[in-house]
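Multiple structures follow.
Note that subunit A is present in both complexes that follow, paired respectively with subunit B and with subunit C.
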Partner chain A sequence: MSDGKMAILNGKGVTKVFGLGDKKTVAVDHVDFSFKKGEIISIVGESGSGKTTLFKMILGLINMTEGEMFFQEKPRDIKGYAKKREYWKNIQAIFQDPFSSFNMFTKIDSVLLDCINLSGGKNLSKKEKDEKMTEACSFVNLKYAELTNKYPFELSGGQMQRLMIARIFLLKPRILMADEPTSMIDACSRATILDMLLKLRDETDMTVVFITHDIGLAYYISDTVYIMEHGKFVEHGSAEEVIINPQAAYTKRLISDVPKIHEEWDLSTVS
Partner chain B sequence: MGKKMLEVNNLKTKYVTRFHEDVYAVDDVSLSIEEGKSLGIAGESGCGKSTLALSLMGYYFAPLHYISGDIIVDGKNISGMKPDEVRKTILGNEIAYIPQAAMNALNPTQKIISFLGDVLQAHDIKLSKKDLLDMAAERFEALGLPKEVLQKHAVELSGGMKQRTVIAVSTILNPKVLIADEPSSALDVTSQKMVIKMMRELMEKGYIKSMIFITHELPLLYNVTDDIMVMYAGQIVERGSAKEMVFDPMHPYAKGLMESIIVPEAGTRDVKLKAIPGTPPNLKKPPEGCRFAERCRYAKPACYLIAPQMRDIGGGRMHRCMMGEERMKEVYSHE
Partner chain C sequence: MKNTIKQLRHSSQFMVGFVILVAILLLIIIYPIFVTADPLEMVGRGTFFKPGTYVSVVDAVTDGASTQKSYTLNLDTSASRLNARLSMEDREAMVDWLVRFGGVAEGGISTSDDDVPALLELWSEKYDSTNPQKGLIAAKKKYYVRLDKSLKELNNSTDMILAAQGEDGLEQTGTIADDSYVNVKDIANQRTFILGTDNFGRDVLTELVAATKTSIIIGLIAGVVATAIGLFLGLFAGFIGGVVDDFIMFVTNLFTVIPSFVILILISYSVGASARGVTMVAVIIGLTSWPWTTRSVRSQVISLRNRDHVNMSKLSGHSVIRIILVDILPYVASYVVMAFILQISSGILAEAQLSMLGLGPATTTTATLGLMMNWAMTYTAHLNGSWWAYFPVILTIALISFSLNLMNTGLDQVFNPTLRD
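This part shows the complex of A and B:
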């Protein structure tokens, strides 16, 4: 669908090897990808397939063993802390565990205030900053007045995850990486979080990359799906193509293992 | 009608916090399960699912306290028993319980076979080492687990294998009721399927007589259990067969839950997910009227004042909503 759109992040032969000699593990094995602007991408795989390693490499938290990445069609250069900081203005992340995403000694106002300062609002007046924070909180259906002077641990898991999204709303990065953002919250809060992310994408045209093992979620939210097995992409394409009409045996197995409600769930396929 | 394996009448339990405040986590819960049937319990986090599981066993220790109600396991009322007595006579051979992080409970310094030995010893069953091994091997093979597992330590097993081992060990005495609290939530889809298959086998081979399955994953419940019960703020709001509950929910909360189901099936992509706004009420001071009223799309002024009672509408279906069935049909059809 987004053929005409600009590629925001490309990867070529991205590889990560852990260990040496006999203990060598190839976690990510020469993968190529191309994320376009404004697209929602899901990377689906089981535990141990290397999706979190890839996630960390894209974020620049760990180095690649081999391969290249292109950010906005230019080779990505993140050597040194200053350049990394510059890169992180463009790419942000939401993690699986909302409880450990926040500094527990910092009040919520200052978390949001930091985001405003980082995104170039350092010289705004206090009133303007307050307005911005109120706007960000109301975007995620939180009341700013109720959050002031509170610490992160006073919120529920769903509220914290929404606060993470409020941060993203203030920072407006080009790419948002989300590592299983809904796996620790229950089904009805999940719908809220997903809707907010979709709304955020529509408003700011950011690219969202989901790392997940939930195929149902990938199908619902994404434009493009990459299926990962043992560090390699076995299949990729539009969500409709990959999930409704899978070609690779691995994808077929993954889909058959998910409980469904309109089709019979065949239990005989596992030993 | 089959024989009732577990019957619970108006069970009420509470937590007492360290500030001596009462939190009514299970409030007026009645349920029953017949022989050979399974019951699923669904609901948001914090709605009392896990507390209900603990309360059903009759095994109370601080901060959980029993207030009132009956728990009848296979004709025997266990609600007044002391914790020690419950542990000796009920747990393991009448009710088996698999808590959420069960697979992390395996002692890494012992072999799997010694856990089985411990279970038997705790119930004063004396078996020679060889008999124990034979019995265990037979049971494990019947459930599709290799008998080599018995001689291994927990660290040598994968997550899915550990979980299946825990289930096999805890059902070794053929309990009448198995209570499984999120047994497959921490596993990937393939291991989850193996766990589910094993639980089905337990039922089919008669090792357990009935099962309670707690999870918030509705597609899973739909495929595993005969009946589904939805809990909200410590109360049961609706009960019915799995099919009725998923495709034709009655209570507005149950309806909201069913609308948040995501499955990878053709056509489901275009259906917009609907979220339930707001958060569950504080159970220290539950609302006087309907507990769901504040978040309900269909709430009327009366809903805030009068607490609705559970209504049995026949065919094993019951719900706790003031709207009549006719009115529900009418309201829902306009959407």
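This part shows the complex of A and C:
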């Protein structure tokens, strides 16, 4: 709020505990956050720190054990499936594993068609729908003609991730949650995909929450960075603040694990 | 899908099971086309006729004697017929008697076919029922008297006169020579019972084919009912969770804790004999065997419902019904097919068990495999050696469940690649 931008999603004391008794795992432990409209936020942490768990709670796919969230500064009410469906009109996601993100039994045309129907294009003619799908595909450098009548398992991991972004392009949600969307692909395609996400943000002013274990990547794309360790946010702030001048020991360790980050990532090259 | 079928063709277990099942199905489809008789028609008066071809005695005699269809064959008729009729046991008993009481030297006469005329001659010369026969029990003595009597008849059966009841007493209508033969094919009335007849004089083979058909239908109905209920409850319990899940699992566990066969017996009993038709029994079996389909579908759905493609579908705003049908069902379909096959097999077995207890379909118009077993058991076929009344039924039940289980194992290997060797 300090920079005048409206907070789109806030969390207070968000906690998730898996299991009971001896087998209890506190995956997310009383975290507070505030995501502002149009921002790119990175959540950085190593494997098992609870990133995906938090991601799913924000999406409303799993329930919080404790804590509350505010959507557009009003308490988020997603009790019951009908209210969840309403909430999901505002928030979309790219999942960690593209191979398990698609129904293997339905053709991918239907994935994009669903998005058009959902974003109010139900009554468009078939030709208009085709045009929209072609546009979405070309946005992510995919050829629509090559995709029609194909099943998801006939695509590569990178193609699937791009298809996911095409989906977001059609839906234009207010918030995009992306759980390591580049984990499956080579460095070159990774840059392309990140550029696509940034372009999408610039076009639609959506909030992008980017989850990654790669602190260099977080620095490269984000406005705000949250550092997560064992289910807790140990540090947060603007990308420059956190990475150039880390406070928490954990952040320092994360940064030192990235080889020669200061030489590689010159501030002036990042706009 | 195409791939799966291709893989199935290479699974030898599936193919063996499939071929056996298709053979059984073909038999129950084709057989009734050729044998149109009512499978429960009582062909014979009497119980448990041995397998074989039965000819009308009257036709055989009259055709042979009074028409031109009689053949005179130059076979060593009397000797060979004697040989065929005189069993080895009787021959041994005769030799034994002759050696002990007839003063014939041991080894002086053998029981071979060549010696039969000599043996008979010796017998008629030496046998004397008034002989004290020391050391023989009374039953044995009686046996020799009977043997002697039938041997005399054997010796006398040369030419025979056929007579019919005329106006004033018997009138000769023809004679049958010792060497008269008739061709079996010329005898008008004959019937082959490949598997004999059952306790009511019904043709076992025809009955068996009809029973197999009914039992498979029972298995199918029971399988459809059980799989439909199990699938429906499993999908909803697994996907919706919470109170719905708790309630469904409570009922399911109730059914699992009490052995389903006990419930089956109780329901069958309380329904009453008059209402227990084939369909009713099949539905009752289906109604008691869904719990394990529910349990396993539910556990599969629970592991599926948190998959990302389901989450994607939710985020795309799809309804619960659509998610279950489009995003969950296809993933459990292969599993459900396998469960269905097992349900058919266990449905057939359950009917057999119920019927053996007398709680199966109460009907006199259709046979089932279980009823055939029940009849064979009630009329003690297993005690009087009438193997044809129950063994083919057991074999059929075994073959059906063997083939279905083989198919299931084959499917399992194709659907769960980790099980493949």
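Just so we're on the same page, the second predicted complex is superposed on the first by the 255 of 271 C-alpha atoms of A that agree within 3 Å, B and C clash if a C-alpha of one lies under 4 Å from a C-alpha of the other, contacts with A are read in each partner's own complex, and residues count from 1 in each chain.
Basically, a residue touches a chain if its C-beta (ideal position, glycine included) is under 8 Å from a C-beta of that chain, and two chains touch if they have at least 3 such contacts.
What you see is a predicted model, and the numbers here were worked out from it, not measured in a lab.
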item: Subunit C versus subunit B on the shared subunit A, clash or fit after superposition; value: fit
item: Which partner, subunit B or subunit C, touches more subunit A residues; value: B
item: Angle at the Cα centre of subunit A, taken between the Cα centres of subunit B and subunit C once the superposition is applied, in steps of 10 degrees; value: 80
item: Which of subunit B and subunit C A:130 touches, first, second, both or neither; value: neither
item: Touching partner for A:194 - first (subunit B), second (subunit C), both, neither; value: first
item: Partner chain in contact with A:46 - subunit B first, subunit C second, else both or neither; value: first
item: Touched partner set for A:243, first subunit B, second subunit C, both or neither; value: first
item: Subunit B versus subunit C as contact partner of A:109, first or second or both or neither; value: neither
item: Minimal inter-chain CA distance - subunit C and subunit B, angstrom; value: 14
item: Where subunit A meets both subunit C and subunit B, residue numbers; value: none
item: Complex contact set, residues of subunit A against subunit C; value: 56, 59, 61, 81, 84-85, 88-89, 91-93, 95-97, 100-106, 111, 114-115, 118
item: For the subunit C and subunit A complex, residues of the former touching the latter; value: 307-309, 311-318, 320, 326-327, 330-331
item: Interfacial residue positions of subunit A with respect to subunit B in the complex; value: 46-47, 141, 156-159, 185-192, 194-195, 213-220, 239-240, 243-244, 253-255, 257-263, 265, 267, 269-271
item: Contact footprint of subunit A on subunit B as seen in their complex; value: 44-46, 144, 159, 188-190, 192-194, 196-197, 200, 216-220, 222-224, 246, 256-257, 259-266, 268-269, 273-277, 279
